[in-house]
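Pasting the structures here.
Across the two complexes that follow, chain A remains constant while its partner is chain B and subsequently chain C.
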Partner chain A sequence: MNVWPLRFTDTNDGELLFTDYAGGYFRSTQEFLDRYATGELTTSDQNFLSDRGHAFEKVSDLSFIGFASRWSGRLNANKDINYIILVPTLRCNLSCDYCQVSRVNENAKGFDWDDKTLSAVLRLLEGFGTKEIKVEFQGGEPLLRLNMLREVRSFCRSHFETAQFVVCTNLQTVSKYAWDFLSDEDTHISTSLDGTFDVHQQQRTKDNTTTGTFRTNILKAIETKGVGNVSALPTIDPLSAPEPKILIQTFADLGLHSIFLRPINYQGFARKRYQFDQVNQFWSGYYRRFIDELIEYNATADEPFEEYYLTHILRRIIQGGHNNHVDLRNPNWLGQDYLVVDFNGVLYPTDEARMITRIGQLDLSIGNVHSGLDLSKLDVLNSDASNFFDPDCMNCAYQPYCGVDHIDDLSRYGRVDIPRHLTDHCQKHMSLFDLAFELLYSGDPKVHNSLAAWLNIPGYSPHLTPVHL
Partner chain B sequence: MIPLRISVDPLPIDIPIVARLMMSADRDAQSSLERDAVFIEQSSGVAEFDLSGMSLRLRVEDAASLDGDVVMILPGQRSLHRLIRRGSKHNTLLVTEQCDQLCVMCSQPPKKHHVDLFDQFVEAVELAPDKATIGLSGGEPMLHKQRLFDFLERSLSARPDLKFHILTNGQHFENEDADFLNRLPRGSVLWGIPMYAAKAVVHDEIVVKEGAFQKLCASLALLAKVGATIELRTVVMGSNAQYLPALAQFIATHLPFINFWAIMQMESIGYGRMNWDKEFYDTSISFNTLSEAIDLSAALGTEIALYNFPLCTLPDRYRQFSVNSISDWKQKYLLECTECTLKEQCGGFFEWYQESKGFEGIKAQ
Partner chain C sequence: MTFEVSASLIQYASETIRRLEYLYPEAVFSCAEDKVIVTGLSEGKRTELTRNIRYGLYRAKINDESKSLQDLLFREMFKR
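Right after this comes the complex of A and B.
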């Protein structure tokens, strides 16, 4: 029998978690580790490893093929473009404390697409060989350029078999025409709500009247579009975060069932105002308290509530695949299946790359709408797109579930080759994977209840937590 | 029940004839094959079609219900076979009645004799509606592997828009088939293959063939390597109900490449009827092993489809997996169903379902 290489890590209660390259996992003991390391596996060890797909008899037998299939199922295959983020303007009618996208005042000149840029964007879209497209309008405040949004939307509807649109708006000034535009079925709304309306006012809207307008508009959006077509993202200041319970209740009262809990980002103007080194530990403590509160909430709630990213992590652990979140993919190909077009027609591989470039840190642009992609730069960015050969990742038990985010590394450290465990991306994800496995192996029925809801399965399955003694 | 055979006046033919019944002589993509029999007139109880100058007289009241049907007429027979019905999603060609397994729940018990109709089937699928999916069943179609492969090659080169759903026991794939299987256009064939338990002795006993499980595993590995599309099929029975959770684990671990897992209720016909009392597992009152298997599968990302489970026999949370699976021509509803609000979504019952020996938990919703 051939055992696929196993990697291991300590668990919170004194056992060891073992994982293989295809993401199979189980808990066992130091004694098993000794037997594994010294080549003295017992018959019971061998049977367990074989049943659970951690071993094979000969190349191309069913166990081998099953393993290969699970391994390859986790790869983020190189796909044709299907997602594009468009920034028709950098102008915005709000001035939030930590603005992530580097906005300019509503009346500023020279921060909008002109007609030439619009035609070039449409030509770019026309050149995509794909049948499906998802277009995300970002800003600034994209509703300030409703005419551009209309042009792009009607072009995509006629050019692609299916087209979906997301308008990322602060829902602050929504004209009758904008509501009309937003009311179509293929058009979804993504807005910001910083946890509670009080915090939202403090960080974004500043006065009661403006907050009141926003509250009216988000309620109207949810009421008219249906809750499935509206999402609200909070940006949380780790040093003065709202109580998890109040945050959950605020979202639940609006009818929302999912929250993507994010700390204030390290980029944009935010970087100038906050000290970030000290907040990471605050954040991870806060995040755990939030998840505990979520599990309590779900124990009695009619409609379960999820934290988007933890759900994503759990699905990546248990099922593999799930490559729809661009910060966590392996390999993480840049400039392939999604692109960002800035207000000046410049192309970026991600929205973060746009911000980093905007603040003058590094030029991560990869061409522009007129001349097309800068392929030689893309090749450099993609030359090390996976975690397979990273000297730290290759020994990490969480490697199959994780990915790389070179843009984040570049933004923080200006390079991609610093020891992995020193990076924010690694530290943040190690702690999330620890938490995810703690929850998976928890014996608490309340945790099971939440897990079933987050994984969208009819009931929790005790078989998800293999243990070999 | 929708009739699959229709009485005809015998035709003066000495070879089988495949034709398409058309109410009008409208031209479409398939007309160029010149195998259309065009409607002439309907008199009381008889519909007359013009089949290349011959009069084809069918004993039906409503010729229009046959419009577009592809039919086969065998020499000397007093009825024609409706091979492909235009409006139906359940067209299945019976390739052979021979089989090398004797599964305890078999709805179509094997016979010794084989009649090769592959040439007629090629003619028939050439006349099929655009983008149709055609089932191939038996018996065991792979007992006539070379003829079957030849049929697929000819059919798919003539009609690349078609898809085939082939039910096979997975006992006859060999490494040398890899070349042919690799040549098939991706996704053009869905292989429906049964596995009853992840335990060799249990599976072998159910299919009444020693070594079947081992061979099945080797075949599945081969099919995975050639990128085949696979529907794994498991009928729930007394003999295997307790092994379903372990099977769910086995599938996620060793068969993650299958496209979906169809979990099926028994059909009370053939051996299934003979063994009903011993094997029928009433999931309307005892759903635990099934829910355990589904919970695990759903968590691990195995696609699940429940076939032949009337909706009222499923707990609420599991109805999302139910598929309207019973073929239109053998589907029925019970008296209780008249009042049921879910009837439209429900697959109902097999024509031969016996209420007295069936589910205890049938109830209008």
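Right after this comes the complex of A and C.
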């Protein structure tokens, strides 16, 4: 019998979590580790490993094929482009303290697409070989260039079999024409709500009148579009975060059931104002308190509530795949299925890359809409796109579920080759995977209730938590 | 501090030390016969270090012995 290599990590109760290349996992003891590592597996050990798909007899037997299928199913295959972020303007009618995306004042000149750039964007879209496209309009405030949004949407509807649109708007000034634009079924709204309206006012809107306008507009958006077509992202200051219970209730009162809890982003102009080294530990504690509160809330709620990223992590563990989040995939090919076009027509592999370039830290542009992609630069960026051979990741039990984010590494450290365990990406995800497995192996029925909702399964099952004693 | 290593694992001591050196940059590691010797760390770290040396040896052995399986998986999946 051939046992697929097992990686292991300590759990918080003295046992060990074992995982294989394909993401199979189980908990066992230090004694099992000794037997496994020294080649002294018992018959019981061998039967367990065989029954659970951690071993095979010969190449091409069903166990081998099943394992290979599960392993390959977790890979982020190189796909045609199907997602594009367009920034028709950098101008914005708000001036938030930590503006995540670089912005300029509403009346500034020279920060919008011109007609030539718009034409080049449409030619770029025309050249995509895909039948489906998702277009995200960002800014600045994209509704300031409604005419550009109309042109792009009209073109995509006629050129692609399926086209979806997301307008990332602060919902501050929404004209009748903008509401008409937003009302179409294929057009979704993504806005910001910083936890509670009080915090939102403090961080973004600054006065009661502006906050009132935003509150009216988000309620109108949800009422007219339906809750499934509106998302609200909070940006949380870990040093003065709102109480989790209040935050959850604020979103629930609006009818929203999902929240992507994000701390203020290290990239962009935010880095000039905040002491990020000091906030990670606050954030980690806050995040755990938030999840605990969420589990309590779900125990009695009619409609379960999720934290988007923890749900994403759990689904990557249990189901594999789920490669739609560009910060967590393996391999993480840049400039392949996803592109960003800035206000000046410059192309970027991610929105974070755009911010890093914008603040002058490092030029991570990969071409422009007029001359196309800079393939040699892309080759460099993609030369180490996976976590398979990283000397830390190859020993990590969470490797099958994790990924690489070189843009984040470049942003924080100016290089991609520092020991993985020292990176923010690794530390953050180790903490999240620890939490995810802690929840999976929890005996608390309230946790089981939330897990079933987050994993979209009828109910929690002990099959989710194999143990070998 | 001195840590004894069993004969079946001593061949993985060098690789284990390479990894421990950047996990504990303040320490100096060396290997002599059937021992890993560590200086520059307080005695209070002994339990943690014992565990990490054991885990390091196991991981190095598992990686070494599973290279052929990893090669096999990649070869079978990507052959055309």
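Keep this in mind: the second predicted complex is superposed on the first by the 469 of 469 C-alpha atoms of A that agree within 3 Å, B and C clash if a C-alpha of one lies under 4 Å from a C-alpha of the other, contacts with A are read in each partner's own complex, and residues count from 1 in each chain.
Rule of thumb we're sticking to: contacts are C-beta pairs under 8 Å (C-beta built on N, C-alpha and C of every residue); 3 or more make two chains touch, one makes a residue touch a chain.
In this text the structure is predicted, and so the values were computed from the model without any measurement.
S.K.: Check whether chain B or chain C contacts more residues of chain A in the superposed model.
M.R.: Between chain B and chain C, B touches the greater number of residues in chain A.
S.K.: Please work out whether A:L362 is in contact with chain B alone, chain C alone, both, or neither, and reply first, second, both or neither.
M.R.: neither
S.K.: After lining up the shared chain so the two structures overlap, which partner does A:L6 touch, if you call chain B first and chain C second: first, second, both or neither?
M.R.: In the superposition, A:L6 contacts chain C only.
S.K.: Pick one for A:L469: touches chain B only (first), chain C only (second), both, or neither.
M.R.: neither
S.K.: Using the touch definition from the top, say if A:A37 reaches chain B (first), chain C (second), both or neither.
M.R.: In the superposed model, A:A37 contacts chain C only, not chain B.
S.K.: So, A:V380: does it touch chain B (first), chain C (second), both, or neither?
M.R.: Neither partner.
S.K.: Kindly classify A:L455 by the partners it touches after superposition: chain B alone (first), chain C alone (second), both, or neither?
M.R.: In the superposed model, A:L455 contacts chain B only, not chain C.
S.K.: Where does A:A77 make contact in the superposed view: on chain B (first), on chain C (second), on both, or on neither?
M.R.: Touch status of A:A77: no partner.
S.K.: Touching chain B in one complex and chain C in the other: list those residues of chain A.
M.R.: Common interface on chain A, chain B vs chain C: 64.
S.K.: If you look only at chain C, which of its residues touch chain A in the complex?
M.R.: Against chain A, chain C makes touches at 8, 19, 22-23, 55, 57-59, 61-63, 66, 69-70, 72-73, 76-77.
S.K.: Okay, in this complex, where on chain A does chain B touch?
M.R.: Residues in contact with chain B: 24, 51-53, 60-66, 69-70, 73, 318-321, 452, 455-461, 463-464.
S.K.: What does chain A use to touch chain C in their complex?
M.R.: It is residues 2, 4-8, 21, 33, 37-38, 59, 64, 67-68, 71-72, 391, 394-395, 419, 421 of chain A that touch chain C.
S.K.: Across the complex, what residues on chain B touch chain A?
M.R.: 217-218, 220-221, 224-225, 245, 248-249, 253-257, 291-292, 294-296, 298-301, 315, 317-318
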